[in-house]
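Some structures to go through are shown next.
The following pair of complexes shares a single chain, subunit A, combined with subunit B in the former and subunit C in the latter.
Right, the complex of A and B next:
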């Protein structure tokens, strides 16, 4: 069986895309950028030395799961969530939900999604997709990264849902439980923007927000001392491009998606100034893309001398400066 | 609907091949040997590119044609072959969305 009328759509990001699909199926006409923006998805964090990471790294969005909880709070929708220690119980619950025609989002390790070409698959424990049916020993999957609905063996889905390691999914699934009769988009959008501005400008933690961006700029020149050799360093430098562009960010570390959110939100909240800020953020995103390109290039060419890392550092400092001005303007625009 | 106006020209396809080859400093390949329809990534085309090359191509398209491919899932489809790039550029010239 396959759940009827589930509209498969590609999305920029797996979590916001999956949440959007579930909301759309439930009857709420909302776009992925609106979900991302209302959920205050835009973020920055730099992690120089942390137990969970073998090498310094950074994030450009809020933590996995937070988009769902923020959307619940701001739109008044309710998702039912489940996690499991026992894979058999996890499968049974999923089957029961599908048998009740309930599209169900699952958190998986992307590596086991074998409908994706092998050269694109990497181990990421926080990939989200929607399971929209089952037939024999296969599940019907709507994966926002894939152009069409696909089938996946039950064994592969189980491996993905119960993969080990950091941020293990533990069979986590969720589905839409309740939609409110009325949604106050104006308040939801303003709250979402205010929180994003707080995260970027005022969060009192030195490695988060704009301060985190400046820490990244300062510390990236120290990366060679963490690397085993040039190969390792080049791999980590090239990962900057992957984190900004390849992992479902919508391009430029989610900056383009947030710009689209502001464009769409401007009319909804009657603040045309947000459209100008949207254009500004698109240009800021172009600067992040220059960083992606520069990192990819110096990493690939193994051209990783101190002068190149200093240049990279200056490019990141520059993004911190323009984003600080941008978020201050955004904060003013919604007063 | 595909009309004559949205059918990419052979000139544009050749221009794209040359753009990719100059951007990535690829030498020793005749543009005519690059199959318009074969995948550029992970395939057996004369140009076999990797994911690092993707950002180079996306930026080169933006600089040359003024078209920003913001959405990464769209980018994966757009730059999958010479034909898909040419079609995207032709469509964007008709109806700009980025």
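Right, the complex of A and C next:
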């Protein structure tokens, strides 16, 4: 069986895309950028030495799962959530929800999603998708990163749902439970922006927000000492491009999608200043894209000497400076 | 970013990119992955070199199969230990070729589950001879060649059916 009226749609990001799909299916006409912006999705964090990661890395969105909880708080929608210790119980509950024609979002380790080519798969426990049907021993999946609905073996879905390690999904699933009769978008948008500004400017942790960006700029020159050899360093430097562009960001580390949110929000809250700021953020995103392209180029050419890493560092410092000014202006614009 | 700058012809990996449209409105377009379209050959080259180097170390007894897959799958020691549900100090031992033999079948099964390979693959490396070179399945899958190596699980957690198939 497959839930017939579920409209599969690609999205920039797996979590905001899945939430948007569930809300749209439930009858709420909302765009992915609005979900992302209201949920304060934009963020920055740098992890230089973390036991869970084999190499320094960074993130450009808020903590996985927070988009859902922030959307619940700010829009007044209710998602029913479940997690499990027992995989059999986890599968049974999922099957029961599908039998009731309820599209159900699942958190999985992306590595086990074998509809993805193996060269694209990485171990990351915070991939979100919607399960929209079941045929024999296969589940029908709506994955926002794929143009079409795909099939996945029950065993692979179980492996993905019950992978261990950092941010282990524990079989986590959720579905839309209730939509409010009336939504106060004005308050939701302002709260979403305020929290995003707090994350970027004021969060008192040195590796998060703008300070995290500066830490990234400072520490990227130390990356060679973590690498096995030049090819490993090249791979990790080129991953900057993947993290900013390919890993579900909508381009430029979510900056383009957040600019779209601000443009849409400007009319909804009657603050034309947000429209100007959205244009500014689009240009800031172009700068991030230059970093992506630069990283890919020097990685490919194995041109990874101290001078090139310093140049990369300066480009990141520059983004930190412009984003600090931008988020201060944004913070002022919503007062 | 302007819409016309956003399009990349790469049907194998599609994604959504937010761009400025001609009317000044921002919105999504479906496009191909820039890095895959332009740098896939480089990725394959690095992956092949890494596989070959690790295989040599494995064959020479310098590393264990656990270390082989841990590096290939980009996992840290802590992350592998947490995923396999095996103490970190014990995993550290299993990374060494000499101490790998002390791992129990249950532990091998846990590692294999994390790496998504048959337990048997912790004791063998399957390669396909292709144009005079020995290649792994991953490299061949990417090149869409005629031979593919497939593993099918059975209800027995330790037994996998390995089939070598010709693609048509």
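One rule holds in what follows: the second predicted complex is superposed on the first by the 335 of 335 C-alpha atoms of A that agree within 3 Å, B and C clash if a C-alpha of one lies under 4 Å from a C-alpha of the other, contacts with A are read in each partner's own complex, and residues count from 1 in each chain.
Note that a contact is a pair of C-beta atoms (placed from the backbone, for glycine too) under 8 Å apart; a residue touches a chain by one contact, two chains touch by 3 or more.
All of these numbers come straight from a predicted model, not from anything done at the bench.
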{"item": "Combined model on subunit A: subunit C and subunit B, fit or clash", "value": "clash"}
{"item": "Touched partner set for A:165, first subunit B, second subunit C, both or neither", "value": "second"}
{"item": "Contacts of A:123 with subunit B and subunit C, given as first, second, both or neither", "value": "second"}
{"item": "Contacts of A:197 with subunit B and subunit C, given as first, second, both or neither", "value": "neither"}
{"item": "Touched partner set for A:235, first subunit B, second subunit C, both or neither", "value": "second"}
{"item": "First (subunit B), second (subunit C), both or neither touched by A:296", "value": "both"}
{"item": "First (subunit B), second (subunit C), both or neither touched by A:53", "value": "second"}
{"item": "Broader residue contact with subunit A after superposition on the shared chain, subunit B or subunit C", "value": "C"}
{"item": "Contacts of A:286 with subunit B and subunit C, given as first, second, both or neither", "value": "both"}
{"item": "Intersection of the subunit A residues that touch subunit B with those that touch subunit C", "value": "10-12, 117, 119-120, 144-145, 147, 238, 241-242, 245-246, 248, 250-252, 256-257, 260, 282, 285-286, 289, 292-293, 296, 299-300"}
{"item": "Subunit C residues within the subunit A interface of the complex", "value": "1, 6, 12-20, 25-28, 30, 33-36, 38-39, 42-44, 46-47, 49-50, 73-80, 82-85, 113-114, 116, 137-138, 141-142, 153"}
{"item": "In the complex, subunit B residues that touch subunit A", "value": "41-42, 51-52, 54-56, 58-59, 62, 68-75, 77"}
{"item": "Residues of subunit A that touch subunit B when the two form their complex", "value": "10-12, 117, 119-120, 144-145, 147, 238, 241-242, 245-246, 248-252, 256-257, 260, 282, 285-286, 289-290, 292-293, 296-297, 299-300"}
{"item": "Residue ranges of subunit A in contact with subunit C within the complex", "value": "10-12, 32-33, 51-55, 111-112, 117-120, 122-123, 144-147, 155, 159, 163-166, 168, 231-232, 234-235, 238, 241-242, 245-246, 248, 250-252, 256-257, 259-260, 263, 278, 282, 285-286, 289, 292-293, 296, 299-300"}
